[in-house]
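Heads up, the thing below is written out as structure tokens.
Letters are used for the chains, namely A, B, C and D, taken in the order the chains are written, and counting of residues starts over at 1 for each.
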Amino acid sequence: MTSTIETPTERPTATAASAPGVRLRRTVRSSEFTLVAIAVIGFVALTLTTDGNMLSSGTLAAFFRFLAVPMIIGLAQMVVLAIGQMNLSVGVLTGFCAMVAAWAMLEAGLPAPLAVPGAMLLGAAVGLGNGLLVVFTRINAFIVTLATMTIIDGLRYGVNGPGTYQDYSAGLQELGQASLLGFPVVFLLACVVAAGVWFFFARTVPGRHLLASGGSPFAARLSGVSNDRSILLAHTLSGLLAGVAAVLTLAQSGSVNASIGDDLLLPSFAAPIIGGVALAGGVVSVLGTCLAAFIVRLVDVTQAQFAINRRWVDLIVGAVVLGVVLSGAIRQKLSRRSS
Amino acid sequence: MKQDDNPSPPEAARQAARLPLWANPRIGLVVLLIALIALFTTLRPAFLNTQLTLVPMQSDISVYAVVGLSQLAVLSLGHMNMAVGRMAAMSAFAAGLLHDRLDAPLIVCLLGGLATGALLGALAGLIIARTGVNSFVVTLALDFALIGLVSLLYATFTDGVAFGGLPAGMSALRTDTFADYCAGDVCGPEIPLLAPIALVAALGVGLLFRWSRIGREVLMTGANAKAALLSGIPVNLRVVQAHALSGLLAGLAGFLLSANNGSFSAGVGDGFLLPSFLAPVLGGTLLVGGAVSVLGTVLGTGITQVIYKGLNLLQFQVDELKLYIGLVLLAALSLDRLRHVLAERRGVPA
Amino acid sequence: MLLAEGLIKSFPGVRALDGATLKLAAGSVHALLGENGAGKSTLVKILTGVYRPDGGRVLLDGAEVHFGSPLEALRAGIGVVHQERNLVPEFSIAENIALQHLPHRGGVVDRTRMRAEARRCLGLLDLDLDPDTRVAELSVAQAQLVEIAKALSVDTRVLLLDEPTASLTGEEADRLYAIVRKLTAAGHAVVLVSHKLEEVFAVADTVTVLRDGHSVAQAQPLSGYTRDGIVDLMVGRAYASVRLADRTVDRAAVPALELTGVSTGHGHRDVSLSVARGEILGLYGLVGAGRTELAKALLGLGEITGGEVRVHGTPVRIRDVGQALRQYRIGYVPEDRKGEGLFLEQPIARNVGVTVWRRLARLGLIPDRGERRVVDEYTELLGIRLASPQQLAGQLSGGNQQKVSLAKWLAAECDILIVDEPTVGIDVRTKAAFHELIARLAGQGMAILLISSDLPEVVTLADRIVVLGEGAVRGELANDHDYDAVSQRVIRLIHAAPAAA
Amino acid sequence: TKKEEEPEGAAGALTAAQVKVALVPGGAHPYFQPWKDAGTKAKADFAFGDVTFNETAGWDQTKQNDVLTSLAAQGYNAFGIFGVAPESINSTFENLKKQGFKVGSLASCPAGDKNLADFCLSTDVQEAAYKAAKAAVEAMGGQGNLVHLTGNKVDSNTQRRIAGVQKAVDETGGKVKLLDTITDIDKDLQTAQKAVADLLAAKGSQVNAIVTTAYNPAVAAAGGVKQAKLPIKVIAIDDDPTIIQGIKNGEVAATVLQNPVGQAYVGSYALLKLAEGCTMATPGVIIDSGSFVVNAANATTYENDRQAKTDFLKKDFDEKYLTCAK
């Protein structure tokens, strides 16, 4: 997303000669490349050490099925990071949308084809609310979403108390279990959404404007970009993606309760940040975010395969991220020295 | 938003004359605090019950003010410390271990805990300074690592989750107020023993950022790291120091909470993260660095705790409670924002 | 064509514009002049919808207009290059140029058209840059040119240029002015804000002079003025250019700062130069010659890979700026004052005091009184115009900001001072005051290394001039303050092949 | 000098109408929902002043302490508490008792062997886990591989559950192997579901039974095993409608019920009695509120057993645990 999406068709002759070499070197040094390498190596290593169990259809399906939501939730955070803000409410919002949709299907008798877009709309609406609060009060989004997170948390619990909803929609749950070409449908859907997000940021006018606002708000404003609109758009999109995550959760899990989303806040930051998204805004990486989610999922599965204590996993994940941080800094230093 | 700067006397007088009272952020907070107390007292007279409301509230304010100061220490740089809670937990573990294994007295346990926190903070600071990676990322990763480490340590050194005993005198910190101590007929006020510890911390941090060279240089680093470097400030050292201070204060908060809860346990610090941001931000400290307000942080803590206590007294159910906490917070923040905008419109810096 | 009347604009504590008037005619280049802080940029920003005026009105072709946003101004045909850099660093050149009107098909950016458009605009300026290059990778001058290209990309009837040549070489500036002439020939109006009066006289037709936020000369033909007349108007009184006092430099003494055969990690090779006490050494070179990097390497911010640096005769190895300051008393006034020289969001007092805290501190605490004394002393010495020492540095005008950036080092009592591009974007009077100040400091025995791309400045101030090109010393010459002769020799040194030896 | 402690408990005997009972769980959880009705029923049956149910503690000991003092300030004077942090809840009990309030530790006892509440009426979690594991062993035919899913590892109750399961496994003399104990998956449902899916993917074919001793893992295991269509026996916990439904459908082999109703109902009763002037025969006594294995055979009738246990508990309080003046 950062540099790899640029596919210049022609270049002035002066630089053309060195271009392929430069591009190759740049690709190799990009954080996406590192992530691809880690993901591939990790996956192969895990496959080898589990005697190929990783490649059995059940394991693969479980692997990708539970990758869908972290991917989407990472993207939901990424779109606000793109404007240099944060959305602490993504996790609870996912839970809230899931609970409302389940409630709509079970207690209001709404059919799934209505409840699903309803959940997404709800997410977008709440996101828009976050955006409006940020724009009108000019309070830091971190704090605004901290407050709305508390509110949504209350609402999420209010839907059904501590109870669990089950059997809301046979069709939706079938979809959650279905596979296409060996991949779970939920994962493929997540990929489609990710592609959409990539397209939005790479190719569309609002997407570019949003990134410009994130990169240098003042410059964007002077170029006629409305930063307020970018903020609203980013938060709405974030909410919409949380709604999508809610729908995927509903489909794949078969039961939901007010705890849905509690596990999403930290991963929502981990994925884009490991994926190379700058917290300062202006840079996004859809591929990096998805790859980071993939790597985190690998850690999960490794833990299950080898029955490692979860606490060790936390320790290892923390250490690995710190390691990536350090290696990134070292890589940068090396590349600077060599150039 | 500046750390309580006193302009030179004649200017101070001139500015004070120009400045409407409500335009002072600290006064705004005090007014808000009083309004909230008045509101809750009207709704629930029990709000002024000394033994059951005011004393426990002071203990909580003491703990969370230190938590807020811990975050403030790095907000001064424009950094964040996502690992406040876990640094507190590690400190509490160290203090507990000192007591459990070496039978160390209270003060040694406290110092050991503080040292542990400071070291962890310094570690985070060192990584940030060395790699230049965003503090959010580094401390988040550190938090993850420490979550794991804390419980592994407790699993190794205790029968699972907590140390059995407390050093002598620590229960007194929890249970006693100065009213329990009398010289002749004169007894102290109904203030818990924890409060002065937090007060000393607040004064220390205030002194640091207002008058000390190190504190000011930290603020300058937060304001513009490049310019700081070119002004001869050892920027990396200041980053490490600010994070170490954050860790130290997190450690102190962990100790105070352990005293308040009555044990050194793995759960210490679990709920620190959000309040740690809330108090400084409510108090007017920006997330961009370069300026802090210690008094504001303490007031911010006071306001959040009063809101919690008041809503608790109103006996809301879970969902309503959360709803109202969020709404009241938003309202408080928006009011402050409104004050700021009005002040700006009148041409006075707020 | 465009008339702005009685514009008023206040910022907290400052009235930036106080009834300013600007009248533009089609087909002319209109110079907008004034000292630092006179309100030029504020006026430009009001005309382009960045700020809303507190009073006054703007008429375009006789009809009153209100610009709510930069886009509205743009739609009305008003293009601008602001004084500050305003590009999105992570975007390509092409996208930055087209950002205000991204060509698209149904919301999807048409990248081919975008590149073509960018190439056209870059072509106007004869710029051979790949439109796909990220702006972050450009040099300051290149970025400035891209910004001009961006302003040219829209078909504007009025083009406002706020100090467009501050970081351009003479050649690049000439190219810009060629285009300006082409535009005016086609009936456009161009407003030029600049502190380089030579350029102004060469290009502009009419002039408006601002002083303290109001116009003291309104749309007068420039031919009616002499240079001194304009300066008098800007300053508000008869202005006599000062003659700098003669200084004598004791060359026999050990040089205060001496470099022998220094090479750096940034590509400098075999750089040798020396500055004596009381001497001003001019370090001249084109933008990108590597002077800033050399200075930073000296301060320990870059790697010195070979050669020797001596301070007062002792070989030194400087680790960081702190050590340079405390142990060797070397100060550095950076070229990028907003990014590196100042803490914009901090009070002036702290900006000045930052280097002396260590000296003032008692038990690690800084007494307010001591700090205030130092701050007062140096703000007075440099004539910094401020409302109060508690005012934020960012609220000062450019010239005063630069003075604050210098005050810090004077307060630190340095005896070697490196000044990097001290007068970029600074008005004539302040510039002269600066020159006087620098000369006085040298007169008091300070060793000064003056880095500047402003040849007249170097010729005015320096005792000797070292010309740097591509990281190597091209030559050194004594300065006899005869501008024509010296400048000839300097230019010849620059264009000579890199020294064979 | 420190002031002399005033004699405590001087509040004296209250009349039933003056007794206000607060039932305070550690946070919102389905397990505690029956407390509401049980409390109300106790109030009607024993005619005490008031009863309230407050689950706003949010699994945070500091917040729970705050909730408790707030309730006390509101006039509640008898507390049935599920302590968030068993390792430090004794301090909370001590605080409350010092102010003359009656305190019962409900559904969980403090860590260690000291209980500073007047009594602890709780499931013997080790016993319940043991029973659940026994049921699992039985369901898998006495041999094979067992997996244990449970909650927060740094909680002394979890440690007890792990011990209970281990005991049952040990008793099989090696015929049943405890393949894995997965902790920390009770925080939220999705984590539990993911853990179950990964477990089944990694070792689904080896696992013969799963015993769960926490709510979210139980729901997740029932659903996960059903989705994976594996012949794994799931032993759940509690009687949430989804789980009872599972038993009836055959997706869940059995569940181990606890006795929240008894805890709240009898607990309220005991608190009332204490407030009226009775004392505990053994202060801090720990009482098992019972646990019951429910499978398809008794899925419709288990409520009777539980009611019987509750009645029995109340009788025990009257006869054994309480010493009343009159």
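One rule holds in what follows: contacts are C-beta pairs under 8 Å (C-beta built on N, C-alpha and C of every residue); 3 or more make two chains touch, one makes a residue touch a chain.
The shown structure was predicted, so the numbers you read here are calculated from the model rather than taken from an experiment.
Listing every chain that touches chain C and chain D alike gives A, B.
Interface comparison, A-B against B-C: more C-beta pairs in contact at A-B.
Once the centre of each chain is set as its mean CA position, chain A and chain B turn out to be 32 Å apart.
One inter-chain figure worth recording: chain B and chain C are separated by 43 Å, centre to centre, where each centre is the mean of the chain's CA atoms.
Look at where the CA atoms of chain B average out and do the same for chain D: the two points lie 35 Å apart. Looking at chain B, one finds that residues 151, 155, 318, 321 touch two or more other chains. In chain A, the positions touching at least two other chains are 157, 309-311.
Annotation, chain-chain contacts: A-B, A-C, A-D, B-C, B-D (touch as defined at the top). On the side of chain C, the complex with chain B involves touching residues 10, 12-13, 299, 301, 320-322, 324-326, 332, 334, 339-347, 350, 354-355, 357-358, 361, 364-366, 368, 372, 388-390, 408, 412.
On the chain B side of its complex with chain A, the touching residues are 127, 130-134, 136-138, 140-149, 151-152, 155, 274, 277-278, 281, 286-287, 318-327, 329-330, 333-334, 337, 341. Residue ranges of chain C in contact with chain A, taken from their complex: 48, 50, 69-71, 74, 80, 82, 84-92, 95, 99-102, 104, 107-109, 111-112, 128, 130, 132, 134, 150. Residues 50, 53, 56, 58-59, 61-63, 65-66, 69, 157, 161-164, 166, 177, 249, 253-264, 300-301, 303-305, 307, 309-311 of chain A touch chain D in their complex.
Partner chain D is touched in their complex by these residues of chain B: 44, 46-47, 49, 51-53, 56, 60, 63, 150-151, 154-155, 159-162, 164, 171, 174-176, 179-183, 187, 257, 260-263, 265-267, 270-271, 308-309, 312-313, 315-318, 321.
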